[in-house]
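Look for chain A in each of the two complexes below; its partner is chain B in the first and chain C in the second.
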Partner chain A sequence: MRRFLERHWYAYAMVLPVVVVIAVLVLYPLAQGVFFTFTNINEANIANPVLDRPATYSGVGFKNYLNVLSGDTSYGAFWGTLVRTLIWTFACVFLHYVIGLGLALLLNREVRGRTLYRVLLILPWAVPAFISAFAWKYMFNAQYGIINQLLRAVGLPDPVWLGQSDWALFAVIVVNVWLGVPFMMVALLGGLQSIPGDLYEAAEMDGATPWQRFRNVTLPGLRSVSSTVILLGIIWTFNMFPVIYLIAGPNPNTRILVTYAFERFFSGASRDYAVASTYGVLILSVLLVFATVYRRALRKQGEVW
Partner chain B sequence: MAEVSYVKASRVFSGNPPVRAVDELSLEVSDGEFLVLVGPSGSGKSTALRMLAGLEDVDEGAIHIGGKDVTNVPPKGRDIAMVFQSYALYPHMTVAENMGFALKLRGVSKTEIKAKVEEAAKMLDLQKYLERKPKALSGGQRQRVAMGRAIVREPSVFLMDEPLSNLDAKLRVETRANIAALQQRLGTTTIYVTHDQVEAMTMGHRVAVLKDGLLQQCDTPRALYDRPANAFVAGFIGSPAMNLKTVPISAEGAKLDGIVVPLSRAALDAAGGLDEVTFGIRPEALGIVPSGDEGMDMTVELVEELGADALVHGAVKIGEGSQRFVVRVDGRTPPTLGQHVKVAVRDHSEIHLFHPESGERLEA
Partner chain C sequence: MTLDASSLQMVKPERRLKRSDRSLAASVGLHAGLIIASLIAVFPVFWVLVTSFKPDARAVETSPKLFNESSLDNYSRILGGEKGAFLTWFGNSVLIALLTTVIAVFLSATTGYAASRFRFPGKRSLMMSFLVVQMFPFAVLIVPLYNILIALGLQGTSLGLVLVYCTTAVPFCTYMLKGYFDTIPTDIDEAGRVDGLSPFGVFWRLVMPLAKPGLAVTSFYAFLTAWGEVAFASAFLSAADDSKTLAVGLQVFVQQNRTEWGHLAAASILVAIPAVIVFYLVQRFLVTGLSSGAVKG
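After this line comes the complex of A and B, so read on.
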């Protein structure tokens, strides 16, 4: 043991600051969050140094989990919200991927002004998300928004986009797709450029049509990039709080798990920290299960990842 | 089975000035022939092959395969198979899938594909690896899979673009022989590109030498070696390269360091009016003679022992300056470094003369 420390003390000394930072910023809050899920902590019983009030919350065991998982509407209708979260996540990631791939394929050709197109298409990514969100919110405004003005101009119905209907979910999906496509496009463009050109030539010699070349060379060549960006996309979208909250606010028709956790934590009469934490832990669990299944499925296909 | 012909085919890459990568290439390849395109890098040999494959446009002239004009036919319609330098195996497919891919696209039945793939695998000794992915194969095995992919399709022409350049030296020699034997057996017209003149000489029925997009000479390996059409071919074919020196000539012959190498009447007539020629002699046509005999004085600067024989590099005075010559000598009795030796022409019929400026072969 002493020999070990003597030999490697420098490496450990260098790693220590990072370990401390991660412990303070990630592990401690995580542990605290998990702890809160087993209590009835809220604004009324948390320790409050300003009022000189000691903490009075107490342990409640698995009651929070039972309440949430019962799907009761007073606890955010967990199952309904989960289904909406999944719809939101898969719709967004599917459209991100398909549109991103389409644009990457277009940009991977020799076209005039390719650099300009690339810059323009990456722009949504470069603008701070909240600015885009507010711009879109205004565009979706039922009365003055440009979208409804256009719809009215061509004589189409002009729905109240961000009202209490599924149009709101549709609207936030549109915005998130617009925001997320650049990332997919850049990642897939990198993937496309790493496919050796002679594979396409070999496929051409083998008599493959353009579609067959896409199926048999492009898609398999993109597989490792795709599997990574799709997993990342799913995790990010599943937890995408700002777009929904900034555009639709606390609208039950766009409510997903994270936005409900936020609502429960910061608004409402009680500021129920315990239930909000329970949601946080459940989100983490869903994503962990998903990532594990996803990796296993990839490994079955022979992907080394 | 088909014959191939290039009819004044050119490929011009746009630029300023435009680059004529292949310049009015005219070549006839007969059915079942193994033709090697050889040249230094940038000579247009790969471009010429890719034009035949349909991967590169033909800007001028035409290309015929089996008597049919295929100049504007896409690769798919040319009935050709190509082996790439990088092999270009599909990384996500097994060896069997790689080999059967073209047949699958053509809609051949599964049982037939399987039979054909197995037959080719047997020929190439790949049966054990059919279920592996290319990643799990050695370089030589990958090369064989690339060959197998071409064979399975039973095309009328094989195109090979430096298929051996990624193999180590020993495997290259072995595979060289295997490819030549395979081609003999299948009798399929083959166009083979290489920069290695040894490969060209050993494999080709005929060899076409290219330089700067221009065809220099196309003939059998023997004829290229014996009667190179110009100084470039003379220097390119043969290893080590032919000694090519510009020397003064007179009515008696070529003057090299005190000795006069007599030249034939015909050669002198061809060089009529010139006072200098490019004099070429292969290292094997020179020899070291006893010090009393007539010959050039050479100071040995380097001896490369190859086993059977040795290559002696040394400087010989010609005119004002000194020129380096290479002499092939018996491997058991090479001279030592710094030694002064006498070098003489052993065989006067192996002297080649070229025009000092154009490089064209002189004499009839």
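After this line comes the complex of A and C, so read on.
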């Protein structure tokens, strides 16, 4: 034991602060959150230290899970919401990746004004998300928004973007794609720059077409960075709350699992913490299953990661 | 997760396609693509800027105009405090964002360095837990967190909020910095140890100065995390007007049925400026700093 500490004490000293903070502010709340899913806790029966009121909630077993998983509309129509969440996540991450890769390929070339282009293209990342949300909400407004003014000017139909239709989901996906492309672009640009140039020269000597060079040199060279950013992108997008909530509000057509948990949490007189936590645990389970499958699939293809 | 030769070449990107090798049509296409993408990236921000000079009533007219009774009135009213204690909110946000940046970057640097250089039992599960931490919807942690902050006596204080932001920023920052430290040759550490530096001395005096690009990017990330966050700030700061951050305070412009778009736009521009300044300072490090982290994730 002594030798063990002697060998590792500085490593542990360096990670200790983070472990303490994470344990106190994430793991313990997480455990408490999981505990809440088996109770009927809400604003009326939670302990309130300010009013000096003791807790009066009680255990209800698996009732919350049964209610939510039954897909009942008064519990957020879980399965429909899950499907919408998946559509939202995959549409966003797919577009982030494709557009980000396209722009990274363009920026990776010797082109006049490359620094300026790069600064302009990363700008959406630098603007705080709630500001971007306001900006897009303004632009998507059905009457005075610039987007509909342009559509009317060229004689196209001007839908009510953020109303009770699937256009609202389309609109928030557009916004989130706009927000998320810079991160992908920068990460992939770094990945492109780490591919050794002689690989391209060798491929060119062997007479490979540009498409073949892209397929057989660029894509394999980006595998490691791609697998990381796609996994992170999926996790972040799955839990992306501010964009949807600030733009569309509690609109059932843009409801994903996280925004419903929030609705349950914040709206109504009797803030339903139990159901909100149940949604949280279900979200975590879906993501854990996904991450496990994803990593296993990568490992099967011979990825060290 | 391994250090290989390719990561070292990142420092000097290969110039593989000379401008002269390209046909004119390809050049035009390249620039056209980049210009269109840049316009899309910049337009929303530009449009907010244009709107910020218009009176609220003109901002909702149904024909687009660049200038419409434009003036600096929105700005002077906001900075003059007519629309809530804007400057106080601004100060709160700056304080919280800077504290978050300093604490989060310092914590992630030590952790990232330990994970990059030392083998110790529990390292793998530590890195895994950082990934899992990002999966949990923090919306649901709010009630338990609220209780803990009360127990620690931090509820309603800036420090409490800073700690909460650190839990969001630290996992990703650690990943990035670990990747960045991996690209710094371990020979440097060994040389430092031979010269009599402690492991902490090596970290602080040798490795940290070499990791500037990585530190710049993580600072940017941590700063933005705190600067733009809405949900926790509305839940954990006391309701008093002078303890609000900008993200919470700006909600006063978005009322039930009527949004004061002109004022909101002006306030938005004022909020975006510090973020854009930070961004401009770090942007030249962004590609190397982020990629090594993500590549080596």
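Side notes on the structure shown:
The working rule: the second predicted complex is superposed on the first by the 283 of 305 C-alpha atoms of A that agree within 3 Å, B and C clash if a C-alpha of one lies under 4 Å from a C-alpha of the other, contacts with A are read in each partner's own complex, and residues count from 1 in each chain.
One rule holds for everything that comes next: a residue touches a chain if its C-beta (ideal position, glycine included) is under 8 Å from a C-beta of that chain, and two chains touch if they have at least 3 such contacts.
Note that the structure is a prediction, hence the values are computed from the model and not measured.
Legend: residue contacts after superposition of the two complexes on their common chain; A:Y273 is shown touching chain C, with no touch to chain B. Shared-chain residue A:E201: touches chain B and chain C both. Of the two partner chains, neither chain B nor chain C is touched by A:A142.
Between chain B and chain C, the partner in contact with more residues of chain A is C. Of the two partner chains placed around the shared chain by superposition, chain C is the only one that A:Q193 touches, whereas chain B remains out of contact. In the overlay built on the shared chain, the residue A:I230 is in contact with neither chain B nor chain C.
Looking at chain A, you'll find residues 196, 201, 221 touch chain B in one structure and chain C in the other. Interface residues of chain B facing chain A in the complex, by the touch rule stated above, are 53-55, 74-76, 80-82, 84, 86, 88-92, 101-102, 105-106, 133, 149, 153. Chain A contributes residues 8, 10-12, 14-15, 17-19, 21-22, 24-26, 28-30, 32-33, 36, 41, 46, 49, 99, 102-103, 106-112, 117-132, 134-136, 138-139, 141, 143-144, 146, 149-150, 178, 181-182, 186-187, 189-191, 193-197, 200-201, 221, 224-225, 228-229, 232, 235-236, 239, 241-242, 246, 257-258, 261-262, 265, 273, 276-277, 279-281, 283-284, 287-288, 291, 304-305 to its touches with chain C in the complex.
Interface of chain A with chain B (complex): residues 196, 198-199, 201-208, 212, 216-217, 220-221, 223, 302. For chain C in complex with chain A, the residues that touch the partner chain are 1-2, 5-7, 9-10, 13-19, 22, 27, 30-31, 33-34, 37-38, 40-42, 44-45, 47-48, 51, 59-64, 107-108, 110-111, 113-115, 118, 120-121, 123, 126, 129, 131-145, 147-148, 150, 163-164, 166-167, 170-172, 174, 198-200, 203, 224, 227-228, 230-231, 247, 250, 254, 259, 261, 264-265, 268, 271-272, 275-276, 278-280, 283, 286-288, 290-292, 294-297.
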